[in-house]
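The letters A, B, C and D name the chains in turn, as written, and every chain counts its residues from 1.
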């Protein structure tokens, strides 16, 4: 019995799907301890948008470590943090005219969501936060309470309260006007819905099954929040950092959220880092009111700065993501209907899902793809969707190779 | 106005105490961007027990990055993780006969605490968790609910429930028998205290003011939990990894907690990493029931393995910590009573606190020490305690130098 | 200043609407201390279905008091309680084939709702209870949490949790399929709705604006609860005891709820009394697990028994209620459209509402009606509905007289 | 099988202790359907301080019913309510200089407690309410959350939150200074206790085992609440209305609570009625913010007025209660030590408890007393206390007779 089986908790999960011991990685490829190579259409669940061990970032990282740059900085001022803040301001915020303060809430996505929820409740003096069906925001109690998945929720061991779910876009296959239920509850003071402090939303629900909100739905949500004095939080942890094309996933809709959570690919190198951004006027935090040991993960600031400088000073990345995405879409919609069992494709930028009518099929496809050398994850409550999340920096050849394998896996599991 | 003031949230805190922009660091010293050097009696709030950028760990880290070892691994099996698990088993668990499974709950302390609380509630089917006066366990909602500090609690924006505080050791200056109140509530089924799923405790409360629990108090707590079928969680995030002498802070008391949280110095290099350890029989997690993007921060596994191998295969580290600690104790208790305003010293291993009768004095001492080139933090609810937390690997000379500065700072602030 | 203004809390409400000091009452008429008489279309908010001081019940009550029958009995066995239970079984339960145990949960409606919710949660081991938009179930914390009205909810002083509102019948003017949202949330394990222990519903929402659920909607709700293993609680506090025709308001739909709350008119005389009925198999209460000082209000048992014997051993009461109701409906729908500002009438049995487009109109109508000698209450979140709730035993002449006054009040307020 | 066993819920309790079917009652005696007479040392759990069917009140009640006085009045102004308010002001409030507004919160004790808690939380804008070990305040969710009994709490079916228990007087047999723990938690902003909105206390805990708080303890509590800006709620439901001597049980301590709940014997006749009294400045209720169907139980106002007029315009009642109490005390302390197994007596006014060392003994004593014709209840979490609660109006002969029976029951159960 391996040490993983003997010593590691039953909670481990990906290692069951992909029974290999990985050793090293480069770009869109991982290699296991036996030297076998795998193409990666998973990208650290969206944390490796620039590929594994991206050489540009790697160089900056090693240089920083070599010269004994500050590693652990809490929320002390450091030269690495300053470089990041200035670059983030120059490359990301200012060009998009985004009026945000930057908070380092701790280096994980759920830390960022907790901070966002705390701030929203403090600002508005209300407890309820609205989330959406099939949302995923994290595993600590605050984030879990606005997460849809019943299996994850049951892990809390206490009732999860102060949240209320609303239907995400397309939840009723577009037969029901958007926000009919939500707005009716808000305008009816006898509805039983306590006025929420905030709404938290993903523009594309990655864990929830690659559910894509339309731009007009997001705009209507932005408008509804404004009219009812509710803060809009966009959780851009998985869909930000270029995954859908623009740096933030909400840019395409032309909206400005009140609060934004960013993590996963923000460090660019897979290093733990996250941000909570919010309108300047919302910055009512007292010094030290929220803290955390690893807020100042300076090596991550270094790679984050390098990633912004390398990829976001012009629009090449965004264009390439679109081009890649179109190719994926073409491939998925071109799948043989019989072979794919009428699977439905949906996505935006370079995140795509293929939903099978038969709930067991997606797992079979991923399993077969793994055997063929491709890492692919399922998503959705019933694991009914194959999720495609290749590095944004993948080469056209590798993208083609991966799609071919996926095609074979679909074909061989029918 | 600097980018920190302009762009970073008001929540930032340490950068206000130490108004410098730090650039690099080595061992027990940091250097700011102007080349000024500071001795470090803070050690990343306990995350840098082996000093800044420890050369042994640094070599391993750079080597790993150079060879493109897996950086981001979720909970996939990797060679780096295997090496860590095997080393942790060989060097830490087996020699101490600790019957634990290892969970990677996400790389921060609060992630580990959230996982511990979730598991305890799941196992026992109860909601209440008992914590202690002046406890500190983290900033996400689950951890915050068992944290004592009213200022931090108010940040939640919702009422924090399912927790109940009990008096920590010495809370009544030893005039009251230990656990009198707690046990009376448990044995009286009319007391109004719902039987707790777990008790969560720090053996030394770092943030709470360097409050040290006696070994016999911890043993009595262990016994009480056993008698009432309550799980005992030791939060060893700040006090573990050798801070008090032994690897775990509870070893000296001869107790075996049911659940242990470990973070801060576990990676050895200040990289985000945490563990939740629990008795094998408690491992009722379903695969994937708790997850998180940065659970598999493999560079941290690499430095963690190197740290365990370099420092914990014999008892030199433990002995040195004791020696350093005795020297600190001697110094603190030898402070001129008039100069120090009858400040009281307390501590264990290499964590020490100096509590001033005048609540404003500790901040003045730290501020003066900073001016003299020493980083020192206050702790306690009223910031009434100067906390000494030097790297365990500090040299005798540096330790002496730091104590001298502290002596001057005390003297110059009377 | 009167003693009411000087000494009674600001919370008092009806005495503001009807500024008179009432002294005595008989049937459908009250008389104030100046001898002025008022016709009563309010009936103690549904507590006086048999009219004020009904002579049949009055005789039984005085007789019982005269002979020193037990007044206060907690849950002791008494001859008065036995008579009630036997009569309730013979006259109500057995003819309708209702398989219920009877609990005396305390003499108010909110006591009954609290007991129902406690039992449902105990039985199912779940916390969430679904209620409906514009529901009203009571003012104690458990009942308030499933009540829709935001103004009432705010009185709690704590966040009200463990409830989730769903759309009542006609909430979207029948443009949306019934239970579309509710069932979708239940079947989608990623929806974020925790599986509820129970659904609590009024068949006609009295306080919520006289909203009438269709029989087929109630049947579909019954069916949905069965399919998802959720208990169905009908709160028949205001609509039971013959108000809609049959003894229970759910009879017409042909459904059998799992739990039923009964209060208001159950004693028949306006004396505090309530029941919680539930399927035999749900009776998992431990002796004394729920208690209350006034559960055994024996004078109320006496009048309740007399009321059942006098009015429910044949179908005359039910028929008369229907006849009265048809007359009210005819009158309301025949109101001059211009005069009534296109007010909409709705109701069932002898509970009717007249909703005005102009929110301020209903209060004006009630105020004018009072000046003309008729007690009429508004209902609905915005007090936009005039509610007609005459005693069921009202004479045809009095009913006509009241409707005439209402007609004048409508006419004179346009 | 009787209708009680067949039809009534398992939750029934007293009818198991006293297996008789009671029919009528007068003064301190009940008669069952077989004509057997029982002396009553239970008094409706404190609801029958003036005895069963007190002739003075009975006359007023029948007169009122005969003349068709308003029975059910919600919160309408009535002549009966006015008479009560004026009498209550003249006889109770003014002579004691109590600056209270009067709220009719619904006719049960738990309604009054719910109203008190809601108001306290509204006024202070805080959620937490401190209660005491072995407290009993009611069965609806708000009241249950501040009740100590674990068995009753478990009935809630949800976690009970927003409450914190503190030690009642004598909880540590006077070895610990009063309020040591409570005040320490309040003054320590790191204690983990959220500042409470209110403290709720019984001066003598009836259900909790006849635990008597000393006057100086109550004064210290009053003082502590004032110093920390916490509202003091005295729950005088069981101990008010003369049970301990004065009309309110807190009078003897010379304190003025901010809020007082009154119920049980306030109507004097065992009819459901309750009051919530509070300082005028706390009356921030909006009209109708708290309501309830049976707030205006006018027959209860009539008997309440008659009781106040008959018994509280001079000090005879108070003196007689003291005299009776002294006799009971003398009897209990004079019990043969061997026979009584060193039972300990405690009490105040005419409420007394006899605590047996052997937990099973009290039930045996009560059971034997019942066989000998005396109703006696146990109290305390383990039912370890025999509780003596005779009507205040009991005759010296009947009191002697009851004590004799108790003596025999003790003797015959050793």
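For this structure, a couple of remarks:
By definition in this document, a contact is a pair of C-beta atoms (placed from the backbone, for glycine too) under 8 Å apart; a residue touches a chain by one contact, two chains touch by 3 or more.
All values reported here derive from a predicted model rather than from experimental measurement.
Looking at chain B and chain C, the chains in contact with each of them are A, D. On a Cα centroid basis, the chain most remote from chain C in this structure is B. The interface formed by A-C recurs in B-D: of the pairs listed in B-D, A-D or B-C, only this one shares over half of its residue-numbered contact pairs with it.
With centres defined as mean CA coordinates, chain D is found 49 Å away from chain B.
Chain A and chain B have Cα centroids lying 30 Å from one another.
Contact of a single residue of chain B with at least two other chains is seen at positions 127, 151, 158-159, 162.
Across the complex, chain D meets chain B through its residues 127-128, 131-135, 146-151, 153, 159-165, 167, 171-172, 176, 180-181, 184-185, 188-195, 208-209, 380-382. Within the complex formed with chain B, the chain A residues making contact are 2-4, 7-16, 18-26, 30, 33, 44-48, 52-53, 58, 61-62, 65-79, 81-82, 85-86, 88-89, 101-104, 106-111, 114-115, 117-122, 127, 138-143, 145, 151-152, 154-159, 162, 197, 237, 263-264, 269-272, 276, 278, 283-294, 297, 299.
Across the complex, chain D is touched by residues 158-159 of chain A.
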